[in-house]
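Note that subunit A is present in both complexes that follow, paired respectively with subunit B and with subunit C.
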Partner chain A sequence: MRRAIVGLLTGALLLAGIVGVRRATPGVDEVYAPIARPGEVGEQVNTTAFQIRVDRVQVGRTVRISDGYGLVGPPKTTAGVWVVVSATVAATTGALQVQGARLRTADGAEYLASSISGTLDKTDLQPGIPAYGPILFEIPPGRLAGAVLSVTTHAVKALDHLGPAADIDLGLSGVYAKRLVDHAPQSLTVGKVREL
Partner chain B sequence: MSWRKNLGYGLGLLVLVPAVIAAKVLPWQEKYQTLTGKGGREAVAAHGQPARLNGMEWRLKSITEGKPPQEFARPLPPRTKIAIVLTSVKPLTEQASKWFGATTGSTCKFTLTDAAGRTWAPSFRTDLAPKSGYAASCFALDADYKPAPLPVGKELTTQTVFVVPADAFTSLRVEVRLTPDPGTVRLAR
Partner chain C sequence: MTTPEPSPGRTESRRGPLRPWIAITAVVFTLATVLALAWPAGGLREAKPDIPHRRLGETTTGHRFAINPHKVSYATKDPAPAYGDAKDGRFLTIEFEVENVSDQTATVNDLAFRLYLAVSPGSTVIDRFKDKTAGFVIRDGRYDREQLQPGLPERVMIVYTVPAGRPDPTSLTLSFEDQEYTSGFQSELSEWYPGDMLAIYDLEVGR
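Now for the complex of A and B:
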């Protein structure tokens, strides 16, 4: 009788162990996720493929793109707000683009950078030639608080498996984010990318 | 169990384990090479020497510094130089000759690499080098501008233009990545 109870307990323990291990095992997305280096606004984040520093975060109701000759394009509207992240990026060893720029909000939603051309995420970056410019996002105004800028080299996530990435805390506390949205200018003019 | 029998099992494992690993890995090798542009055969040539790969002979003719664009053109990034690269290639075999005329699959990708291992892709700007009669890539074109095989022994000279940091200019070397038979040609200056 005693041996049977010990056997049952051992079996139950092993079963619980198996269930625990299976639940703790990371999923495919987690196992192959890009290797992200954390950072914050004003701090240079070094990945194996690129360096990035976020210099400024602005919010606007519409944006207008200014070219290098002082000509300003028509206002671009959005159903939400425009978030303009101004950053400096440099490729480390090989030519690349930081196409996988996403704004990850506190609830886990991710917003890929706008398709507007001429922004930093669509610029060819060559080693030793850093570039400064805007990355544009459209998001619902209520989701700005706690947003993190996530940067990888591909817009398609499957191509970024175990690749370089930077996760930059934009310092958007609830109060600060609300103030940015409440005081967002009707029109925000942003410059094109320039090589430094 | 005698030691002879154990030896038999041991030898069997020595054959089986590598075979299983190879069967698992080899199917992925081609995908890895296609996705990363790495791997495959390599040919390295010292200064002034040709490199032979896939039945082709590659030679670096020159890397010269280009003149900065004109006053009203888009300026170069600060602290950079224009590198104008002339390379030549000639097929040594019939198969290599056909490679130049293939309409699908045959590609050559030029890059510059410096002593620190940094790599640059060609510039898309057409105003950085004077117009030349050289090819822009390694394709031979017939009178109708369609890809045509390059006769065995005939040389094709290609001009590619790069913008590189000024501090990299002196240590540049050329790399050509070839497909579909993956390989890399490295040409020292």
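Now for the complex of A and C:
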């Protein structure tokens, strides 16, 4: 009887162990995810392919793109709010673009940077020549709190497996995010990308 | 020399009621056979319900998009000329309210790939790849955006050419297929794969 109880307990423990290991094992998507270096606003983040520093985060109801000669384009509206991340990026070893710029919100949604042309994520970056400019995002205002900037080199996720990435905490606490949204200007003018 | 007679007890046990293990094996075998035959026919899952038919202004929600077609029109002039160059031909335009209900950015093209069209009279199939001439978000009076961001509803227009030699369309049957973000046959990595057919819209084509 005692042997049977010991046997049953051992079996149950082994089964629990198998279930635990199975649950703790990362899924294929996690295993092949880009290798991200963490950072925060104002801090330079170095990946194997590029360096990035987020300098400023702004929120606006509409955006207008300035062409650098003082001419400002028409306002571009959104169903949510515009989040303008101003950053400095430099390629380290080879020419590239940081097309995979995403805002990852606290609920796990990912917002790829707007397709509007002339922004930093669509700029050719040459090694050692930093460029400064805006990256534009459209998101629902209620999802701004806790958003993190995730930057990779491709807009198509399948091309970024195990690739270089930077995950930058934008410091958007609930209170700060609400203040940014509540005081968002009706129109935000952003400049073109410039090499430094 | 005489052959020993079988004992009365052994004869009784052989011809008596079935032993329990035989009964259990028979039940298990029967169940396994039923399952093996039922599985290729769709398993024991509940049969899929019929695809609902919907009308203009009704919303259908899938795993990636929620769509609500609100205008279908036919024109002989290109309603969305690319870079100012109008194409020749006859055009079918569908306007939708669309919301990306997934957690990833999508495009109008992603939606257009999951729409199947047939126009009447003549039951002509409109090729969703070859016959599509434009697809975009209508915003600020311009046609230069096509992203659909999660949780941000947009007005979307998709334009198709009507194949030559076919009568002018008066009605459109629009089938909307779901997409699911899951691992598939080609790769264990998650991608968007076609899902079930969610709805069939029976729509009048306006002029």
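A few notes on this one:
The rule is short, and it goes like this: the second predicted complex is superposed on the first by the 196 of 196 C-alpha atoms of A that agree within 3 Å, B and C clash if a C-alpha of one lies under 4 Å from a C-alpha of the other, contacts with A are read in each partner's own complex, and residues count from 1 in each chain.
We adopt the following convention: contacts are C-beta pairs under 8 Å (C-beta built on N, C-alpha and C of every residue); 3 or more make two chains touch, one makes a residue touch a chain.
No experiment lies behind these values; they were computed from the predicted model shown.
One of subunit B and subunit C touches more residues of subunit A, and that partner is C. Using the contact criterion defined above for the overlaid structures, shared-chain residue A:Gly94 touches subunit B, although it does not reach subunit C. In the superposition on chain A, A:Thr77 makes contact with subunit C only, while subunit B stays out of contact range. When the two complexes are overlaid on their common chain A, residue A:Asp67 makes contact with neither subunit B nor subunit C.
Using the contact criterion defined above for the overlaid structures, shared-chain residue A:Ala109 touches subunit C, although it does not reach subunit B. By the document's definition of touching, of the two partners only subunit B reaches A:Gln126; subunit C does not. Comparing the two complexes, no residue of subunit A contacts subunit B in one case and subunit C in the other.
Considering their complex, residues 103-105, 139-140, 145-147, 149-154, 183, 188-191 of subunit C touch subunit A.
By the touch criterion given at the top, residues 74, 77-78, 80, 111, 117-121, 163-165, 167-168 of subunit B touch subunit A in their complex.
For subunit A in complex with subunit B, the residues that touch the partner chain are 68, 92-95, 124, 126-129, 195-196. Within the complex formed with subunit C, the residues of subunit A that make contact are 28-29, 32, 74-80, 102, 107-112, 114-116, 138-140, 143, 158, 161.
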